[in-house]
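What follows is a set of structures for review.
Each of the two complexes below includes subunit A, the first together with subunit B, the second together with subunit C.
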Partner chain A sequence: MAGIGLSGVTKTYPGGVTAVDGLDLTVHDGEFFALLGPSGCGKTTLLRTIAGLEQASAGTVSIGDRDVTRLAPGQRDVAMVFQDYALFPHMTVLDNIAYPLRVKRIPRAARHDRAREVGAGLDLADLMARRPAELSGGQQQRVALARAVVAHPKAFLFDEPLSNLDARLRLSARTFLKRLQRDLGITTVFVTHDQAEALAMADRIAVMDAGRIRQVGTPREVFGRPATSFVAHFIGSTPMNLLDATVTGGRLTLAAGTLPCPADLPDDTRVTVGIRPEYLTYSKDPVEDALAGTVGIVEHLGSSSLVTLETDGAAPVGVVVEEGAEPEPGTRGWAVPRPGRVLLYRAGGGDLLA
Partner chain B sequence: MLFVAPALALIAAFLVFPALWTLYLGVLKYDLAGSNAAAPQFVGLGNYRDALTDPRFANSLLLTVAFVGLSAVLGQNVLGFLLAAVLRDAASWVRGVVNAVVLLAWILPGTVVVFLWQALLDRGGGTLNALLGTPGAAWTLDHPLATIVAFNIWRGTAFSMLLYSAALGAVPRSQLETARTYGAGPLRTLRDVVLPHIRGHVLTNTLLITLWTFNDFAPYMLTGGGPDHRSETLPVYVYRTSIEGGALGYGSAISLIMLIVNLAIALFYLRLLRRRSA
Partner chain C sequence: MSAPAVLARRAMARVGLYVFVGLVLVFFALPLVWLVTTPFARTPSYRVPAPSFTLHNFRILWDNPYAVRSIGNSLVLAGGTAVLAVVFAGTAAYALSRVRLPGRDAVLYAVLLLSSIVTGTAAMVPIFLMLFQLDLIDNRLALVLVLTGGLLPSAMFILKDFMDTVPRSYEESARVFGASPFQILRHVVAPVVRPGLATIAVWAVVQVWGNFLLPYILLHDPAKQPAAVIMYTFYDEGGQPNFALISTFSLLYSVPVVLCYLVVNRRYGFRFQGGIKG
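The block that comes next holds the complex of A and B.
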């Protein structure tokens, strides 16, 4: 077992595209770590650079206390699970799981025993004689995981491990993966574009954009106090309200009303106010320190609804309302922020001020 | 039926009729000139008996097997695969140049290629002798089989290369990379991942180039079957006996034997292919 250290890692492809740009990151021993970001942000390139499938253009990669920057993938002692699972179609489940041991020239009987043991732990005991084409998506994923477990690597690298499963299976696979990682205690880095997946599974998350890391933190930190307005917008199943405002006499002036300013900022400072729809309380009567608007769209989310308040000419404000308390479209409504949940960002896509 | 009639008529006229005519000729003592030209004699299976007991036929069959095995099954197959595998990761301009050169050998007319090879191998002013510093070495006389083998590899590798390029492109990259991260070297990856994926392509390619090479007449233009029958493959033997030697009936019988050998080869490969899908 070992942590993973990246320092100054840059990956520039021939042709001049920089996928990863001078990136520093430490993944602790035994940690379940998510690389999260929109497509094209460099997260997969970063994972492949850790695996050695891409060679870093600059910087160093270490696994444990070994510098592996110049080592071939096979010498790095990592196991990668690909998005399509990459099972060998001509081999049985048993031979697929035993493959890493076959490469290590472990005798047939010994490697099959080990593969059966690991396979049984992943609920594959009855499927050992089948070919991958005869398995369901979830079973294929477990075979790919079993193959990684058999290799007994220093670290697991998962590339979008859940994206090939249907929505319901994805939820159970999430729980399953998290339990497996905790039981084995092997350092794991996984790539995902799904913020809910990262929040649910990871011990810590690195949010990436344009080849750089925008924030590293626990799911609670990343969700509760996003470091930049990009992270704020990207994290959360309902997007955070990001509203233009100006500071006037210790208060924030927005298009939809005024709010107390949570920080001591000079007058006329232009800021972006970030409030999650979940952290706004809806009121159908006028109240102090609230954002006012006309109810536009009401979207049902299950046990709650997302109400969009249209404000004159400015960005609409989303509010999450308990089920049964949804207002009628067209009526006036007010949204009151919960104390301590108003975030301020430097105007124009900037960093967190308070 | 009405719409396929023209096609059927053409096939009947140019494929079925000649085949049956060959079958008919094969049981006759029918020569290009002399009394047997005017009134062919029926000899039954006599021509076949003669062929199968003729040491010149046995020599020719053996030479053909060596020619096919060395130049097609081994030479074109392996070289074509290696070129495709190496070019896969090569810079695009290298790939372009090599593709163009190899394809050129494939699309040039046989007579032109033979002419180039005669210039290459010529005893007096040949390019190869100039390069190797061996003036006066008579390649086509001293090493006739090696000459036609090298010639056929040079000429036919392009097909295998193209076919394998396409086949290798269909091997999922993630499977190759999985093998790599578990520490599998190139040879092991080839055996465990690449070959199982392209097995069908290998068999199809080997079948095609085997049949083409078996029936290839171009060696005749390079060595004329000689010296002393040392490069006389079956198509050359048929030509020399029936056209040069005038024994049309005997030549037809050998042609039919070739056809049967071809069928046997095709059936053998098709069986292997079917076993894969089972």
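The block that comes next holds the complex of A and C.
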């Protein structure tokens, strides 16, 4: 077992596209680590660079205390699960799981015993004689995981491990994957574009954009205090309200009202105010220090609803309202931020100010 | 027109169609019927024989010093060429499919175009002269190499298409587990493209089996000549065809190719099991 260290890693493809740009990152031993970002942000390239399937153009990759930058994938002692699982179609489940041991020239009987043992642990005992085409998506995923487990690597690398499962299965696979990782205690890096998946599973998350890391932190940190307005916008199942404001005499002036300013900023500073809809309280009566608007759309989220307050000419404000307390569209409403939940970003897609 | 008249016309048209189709079928079936029945006829000739049965013609065939041996020669030539073509075309196609070379497709098309010349009639004289200078006339290995060379471009072209369909994640997965390129080819790529390899093998066998010109020019010893060339010698001194020999030999000549196809189709089946979830 081992941590993973990246220092100054850059990957430039022939043709000049820089997918990963001077990136430093440390994944601790035994950690479940998520690389999160929109498509094209370089997260898969980074994972493939750790695996050795891509050669870093600059910088170093180390696994444990070994510099593996120039080593072939097979010498890095990692196991990778691909988005399409990449199970060998002509081999049975048993042979698929035993394949890493076949490469290590372990005798057939021994490797089959080991594969059966691991397969049984992943609930595959009855499927050993089947071929991948005869399995469901969830079963295929478990075979791919078993094949990675059998290799007994220093680290697991998962590329979008859940994206080929249907929504219901994805939730149970999430729990399953997290338990598996905790039981094995093997350092794991997984790539996802789904922020809910990253928040649910990871010990720590790196949010990536345009080949760079925008924030590294625990799910709580990344969700509660996004480091930039990009991260703020990307994280959260209901998008964060990002509203233009100006500082005037220790208060924030927005299109929909004024709020107390949480930081000491000079007058006329232009900022972007970030408040999660979950951290706003709806009021049907006028209140102090609130954002006012007309109720536009009400979206049902299950145990709560997302109410959109339309403000004249400015961005609408989303508020999460308890089930049963939804206002009528067309009425006036006020949204009060919970104390300590108002974030300020430098205007124009900038960093966190307070 | 009344309804019965219309029905009658339709019936007549249908009868006419069936008669025509029947005649066409007979026309094309006759050679096959000849091939299957004549070897067993008492007096073999050009005609499809009246029903009679004898194995005497096979006795004549067996006594011919070159006939049976030539089938063996054909098997050696066809088998050798098929193995070489599959191995060389397979490895070349894999490399061409995976390595980015500038102008790769242009090279592939150029080779394909030129290949029709290599073993085509146009190159006969230079090939003969070259092998003559190298003292390789009557050398079966040399003939196999020439035949393989002629088949390689098309085989590479076809196999490259097969290789292109193998998802890279299969190979990358094996690579991360530490498999060497040769192991990947053997364990993963070759089994997945097995239908393609089988196709190339059968195609190579059929090509060599029916090839007359090259073995005729490059092999002069009748003991080494394949069936397609030996068949040409089954005439008596007056130039009359020896039907007892030709008919039995034709049957014997076609059996291996049919068997080859059946075995390959049964064992390898031209199918592809998907292992990619999508």
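Keep this in mind: the second predicted complex is superposed on the first by the 354 of 354 C-alpha atoms of A that agree within 3 Å, B and C clash if a C-alpha of one lies under 4 Å from a C-alpha of the other, contacts with A are read in each partner's own complex, and residues count from 1 in each chain.
One rule holds for everything that comes next: a contact is a pair of C-beta atoms (placed from the backbone, for glycine too) under 8 Å apart; a residue touches a chain by one contact, two chains touch by 3 or more.
Bear in mind the structure is a predicted one, so any value in this text is a computation, not a measurement.
After superposition on subunit A, the partners subunit B and subunit C are seen to clash.
Among subunit B and subunit C, the chain that touches a larger number of residues in subunit A is C. Of the two partner chains, both subunit B and subunit C are touched by A:V103.
By the document's definition of touching, both partners, subunit B and subunit C, reach A:L53.
Of the two partner chains placed by superposition, subunit B and subunit C are both touched by A:H90. Once chain A of one complex is fitted onto chain A of the other, the partner contacts of A:L254 are absent, as it touches neither subunit B nor subunit C.
By the touch criterion defined above, A:A79 reaches both subunit B and subunit C. Contacts of A:A245 after superposition on the shared chain: neither subunit B nor subunit C is touched.
In the superposed pair of complexes, A:V342 makes contact with neither subunit B nor subunit C. In the superposition on chain A, no contact is made by A:I235 with either subunit B or subunit C. Overlaid on A, the two complexes show subunit B and subunit C touching the same residues of subunit A, namely 51-53, 72-76, 78-80, 82-90, 99-100, 102-104, 151.
Residues 172, 174-175, 177-185, 188, 192-193, 196-197 of subunit B are the ones touching subunit A in the complex. Residues 167, 169-170, 172-180, 183, 187-188, 191-192, 194, 272-278 of subunit C touch subunit A in their complex. In the complex of the two chains, the subunit A residues touching subunit B come out as 51-53, 72-76, 78-80, 82-90, 99-100, 102-104, 147, 151.
Contacts from subunit A toward subunit C in the complex involve residues 51-53, 72-76, 78-80, 82-91, 99-100, 102-104, 131-133, 137, 140, 151, 157, 164.
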